[in-house]
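Next come two complexes, and both contain chain A; in the first it sits with chain B, in the second with chain C.
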Partner chain A sequence: MAARNALLGFLERFDRRWIFLAMGLAIVLPLLYPLGLPADPSPMVKAVFYAIDDLPAGSTVLVSVDVDPASRPELEPFFHAAVRHLKKKGCKLVFLTLWYQAPPLVEHWIKDDVESASFPGDRPYRSGEDYVWLGFREGKAVVIAGIGQDLAATFNGQDAAGTPFAELPVLRGFARLADFPLIVLVSAGAPGAKEYVQLVQSRYNLKIVAASTAVSLTDLTPYYQSGQLLGLAGGMVDTAEYEILVARFLGLDPKEGVGAKALDVLNIGHLVVIFAIVLGNVIYFAGRRR
Partner chain B sequence: MKKQLPLLIGFLAGSFAIAEFYIPAGIVRDIQSKLLEFASVLAAAAFVLGGINVIQVNLPIILHRRPDWQYKVVLMLGAAAMLLAGIEWHSLAAAPAPTQVTERPTGTTALAISASRDDAELSVDNKPFVPLGSGWREPVAPGAHNVAVRIPQPGYSAIAMPITVRAGMELTLRVPVRMLWGPSGRVYTWMYDHVFGPCNATMFALLSFFIASAAFRAFRARNLDAALLLGAAIIIMLGRVPIGRAIAGWLPALSDWIIDIPNNAGRRAIMMGAAIGAVATSLRVILGLERSHLGRD
Partner chain C sequence: MHTLPWFDVVGFWIGIFLTFAILSYLYKDNPFYKLAEHLFVGVSIGYVITQQYYNVIKPNLLERLAPAHWTDALRPSVYWIPLVLVALLFARMVSRRIAWLGRYPLAFVVALYAGIQINAVAESDLAEQITVSTRSPIVPKKDVNDPATTVRDLASLPGFTPAVAEKVVAARVAGRRYGSVDELADTPGLTSAQRQDLRDAIADFHGLAAQAAVEPGHHDGFAIASRIFLLIGLCASLVYFYFSAPQTGALGKVARFGVYVLMVGFGASFGSTVQGRLALAVGRAMDVLDKDKSPELAAQIHGPAVSIASIVVILVGIVVWEKVYLPRHPRP
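After this line comes the complex of A and B, so read on.
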């Protein structure tokens, strides 16, 4: 009985900084010592993969990259994987963003993956011919409604570097959202995938796949169920699963991806949170009983 | 008049936005497109108002040395620095020197390229970029070639140009590379990469520690509702990661079921309710019944 009371006393005085330490170790250790548990892509993630894979070779795809540095770990692996997937299909790419925090990030990523060869057999894309970066336009939902009607009017008829649309071969025949066979959304929040679905998807019967942060996933699953999103990858887990599918498609090692490595962190991190919940409840009920 | 005119504008713009949805005529779409442009301009103007508001709120606190005034100084200096770095100062300077192209007969068909900076990278004929260093010279086949020169770091000018090398001639390119200002410029991207980005990511990363702490301190099964929430949370947290499948094969399926059925049912109800509320509020604004957005006077 005394031992039990001592244990309960210890639990009641338990310093939450131990939880912080446990979480810190849960993040760092799996990166140093990977578990390598196999990931099985979910149907939603497979739907993203097949929506892109079913595109005719050489299609022109619009990619809206609505992210900030905070959402980078969750969404950057998806961006890289999607761009590689699209490049392997020979697709031309039109990038834009609705987030003012995004342009420097997107420009880095374009340099890394679009303007450079990013997998064996890949080639660097040329600005204006193979891809175009339209940049940021303020207006949030208004911009989405605007590009639904007229891409040139919304972006003042020029890309981020100031090149007129008329001098961009990649945009020939693509005046509005409905002209694109597929729209890929890398969406960290609002404005993003939800606004695209609400404002333009049904109106113009657009084909859209989206990647979102984990907290937005439950907001967006109804749109996936209703078919308004053809595929949905929510959070780091789904991003990693998509990255694994693309790595297999490209003949690369699936375990080498950033998302795949992050899966181990999530595995242990989730266990730490569950342990914290259980421990907190043990202390709570023990205190009530006493 | 002060009230009636804004109400009339609101009524006309709102009614048109609704009617436009059902009228596919080209002229209607053109007008709608123009209205959306107006809205974009207004949204951009809101940034200016936001900037003025930041000054109005923070400057008096600094001047009167109110609590935490030091943080306001950092805020104002940070905003001013980003604003200054975001202006394209280079466009005010003289036009950049063009790429110098010279051709001389050497008997060997070759291409020689150099840049005004030693850290430039070169790509010829869409091959991967390689360091250019003090210069690059290679024999090439006569005919058309694509040349691209860039600096690895963002914020510098880059060129990509087609050139034609004639047989027996050596074509020499001297590429001027200059630092840019503005949102894609060196200073702005440096501050973004080394200050804003890490700070923003750090704030978000701290959430993992707060969540763990909150889970320990606040997530209690005090009653049946809380116990159900807690159980669902644990199942989803386990079912969403591979370790859940390693623990029990049925966990991912149960997790998906919770997200797909009860969660989506609740989400749909909330979304439909919110949508109906938005329609009702919009109609009240368009019809002038809701006037709070016009202010008190």
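After this line comes the complex of A and C, so read on.
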């Protein structure tokens, strides 16, 4: 009994910084020494892959990249994988963002993956002909409602570099959201996938796939279950699974992707969190009984 | 090899140093943490102000009001309206007696967003979600041999895609009759990956074998149980929010069950949140260890070496701060 009380006393005085240290090790060690734990893409993620894969070659796809630096680890791998997937299908790309924090990130990613060859057999895309970056437009939900009706009016008829829409061959025949065969949302929060579904998906019967942060996943899953989203990849795990599917499609090594490298860390990290929750409950209930 | 400009390399180094400066808060509040915190707040505000000015105020207001000639300065324009509305926001700074004027622009914004959202949410969140939640609980298996089973029906099955569904329908039209669900993987024209996906999907207890059949009259037991549970859980959750009668007796028990259903939902949200927060830490760890960069970039940045240097600088700095600075400058 005395030993048990001593143990409980020790646990009650347990410095929470040991948990931080354990979590730090759980993150760093699997990165340095990868375990290669298996990953089986979920149906929701496969649905994203197949929605893009079933596009006719050469389609023009709208990609709304609504991200900020905090969501970068979860969504950047998805963006790269989706762009490679779309480029492999020969799709033309129209990028825009509703988040003021996004332009520096998106411009950097476009430079890396769109304007450069990003996988064997790929070619650099030319601005205006193969892709266009419309940039950021303030207004949140109002912008979504606006591009549902008129893309040019919402973006003052020009792309981020000031080129008039009339001089952008990639936009010929694409005046509003309903003209695009698929809309890909890389969505860190509001405004994002939820607002697209609420404001324009039902109204114009749009085909939309989305990648979101893990925090938004439970909000968005009902939209996938009801068919309002054709596919949904939520958080780093789903992003990694999609990255693996695209790597297989492109004939690349799936384990080399950034998301795939993070999967080991998430698995071990979650074990630490579960252990901490169990430990906390043991201390709480044992202390209450005492 | 792509060579980074020196300022980009220094930028990566500053990012690594600031990461450890923020993490130093785990020890205690200290000058390195304060430096990183103030930098973050300052840079964020500066960025927001410039973005809003150059993306909103300048193109949408100032440039539209800017006269081509001084004589046009007072020419009537609809763009004076937003300028006046913005000015009204500051009325309370002039006098408390005219502070009420500031409510008009706010009312305008609230009404605008309410107008946009009300119909949209009613349609997408209420109508669509109620339609899905109240579907018939009797779910027949999809008969792959039935000519009435369309590509769209088949595409929703586990392991299927629209492309696979089209091939199955094409095989059926060509006279193929499936003797069992396992035979779907032998459909002509499928790729090896598609065949494997179909075989993997059969293995699940709520997978392809549970949802598809080769003859009519079979039901999907998992889907039936799932829909009944969804309906009961939905009703019980709504009962919890029914406050017009005391939640005692049978009503109380149903409401209690509703609470458990809600708790499951909150648990799922908590799990997702944990994953999201962990992803943030993973992102920073990959950045400082150069695991998210190509070998060429990593060779120019030397993330692990800079990390060790940053940790040493911060540790030495905190020791000096505690042993030398604080004794001479005690906090009140």
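To be clear about the criterion, the second predicted complex is superposed on the first by the 290 of 290 C-alpha atoms of A that agree within 3 Å, B and C clash if a C-alpha of one lies under 4 Å from a C-alpha of the other, contacts with A are read in each partner's own complex, and residues count from 1 in each chain.
As a working rule, a contact is a pair of C-beta atoms (placed from the backbone, for glycine too) under 8 Å apart; a residue touches a chain by one contact, two chains touch by 3 or more.
Since the structure is predicted, the reported quantities are computational estimates derived from the model, not experimental observations.
Once chain A of one complex is fitted onto chain A of the other, the partner contacts of A:L11 are absent, as it touches neither chain B nor chain C. Contacts of A:P222 after superposition: both chain B and chain C are touched. With both structures placed on the common chain, the touch criterion links A:Q149 to chain B but leaves chain C unconnected. With both structures placed on the common chain, the touch criterion links A:Q201 to chain C but leaves chain B unconnected. A simple residue count on chain A separates chain B from chain C, and the partner touching more is B.
When the shared chain is aligned, chain B comes close enough to touch A:D68, but chain C does not. When the shared chain is aligned, chain C comes close enough to touch A:A262, but chain B does not.
In the superposition on chain A, A:R137 contacts both chain B and chain C. In the superposed pair of complexes, A:A22 makes contact with chain B only, with no contact to chain C.
In the overlay built on the shared chain, the residue A:A190 is in contact with neither chain B nor chain C.
In the three-chain superposition model, chain A touches both chain B and chain C at residues 20, 23, 27, 70, 72-73, 101, 103, 136-138, 142, 145, 203, 217-218, 222, 225, 235, 237, 266, 269-270, 273. Per the touch definition, chain B reaches chain A in the complex via residues 21, 29, 32-33, 36-37, 39-40, 43-44, 47, 123, 126, 128-129, 146, 154, 160, 183-184, 188-189, 192-193, 196-198, 200-201, 203-204, 208-209, 211-213, 215-221, 230, 233-234, 237-238, 240-246, 252, 256, 259-260, 263-264, 267-268, 271. The touching residues of chain C, when paired with chain A in their complex, are 26-27, 47-48, 51-52, 55-56, 59-60, 112-113, 116-117, 120-121, 123-125, 127-129, 131-132, 158, 161-163, 193, 197, 265, 268-269, 272-276, 278-286, 289, 291-292.
Residues of chain A touching chain C in their complex: 17, 20, 23, 27-28, 31-32, 43, 46, 50, 53-54, 70, 72-74, 100-101, 103, 136-138, 141-142, 145, 156, 197-199, 201-203, 213-218, 222-223, 225-226, 228, 234-237, 248, 258, 261-262, 265-266, 269-270, 273.
Taken together, the chain A residues at the contact with chain B in this complex read 16, 19-20, 22-24, 27, 35, 37-40, 42, 68-73, 101, 103-105, 107-108, 111, 116-117, 123-124, 126-127, 136-140, 142-143, 145-146, 149-150, 153-154, 160, 203, 217-219, 221-222, 225, 235, 237, 263, 266-274, 276-277, 279-281, 284.
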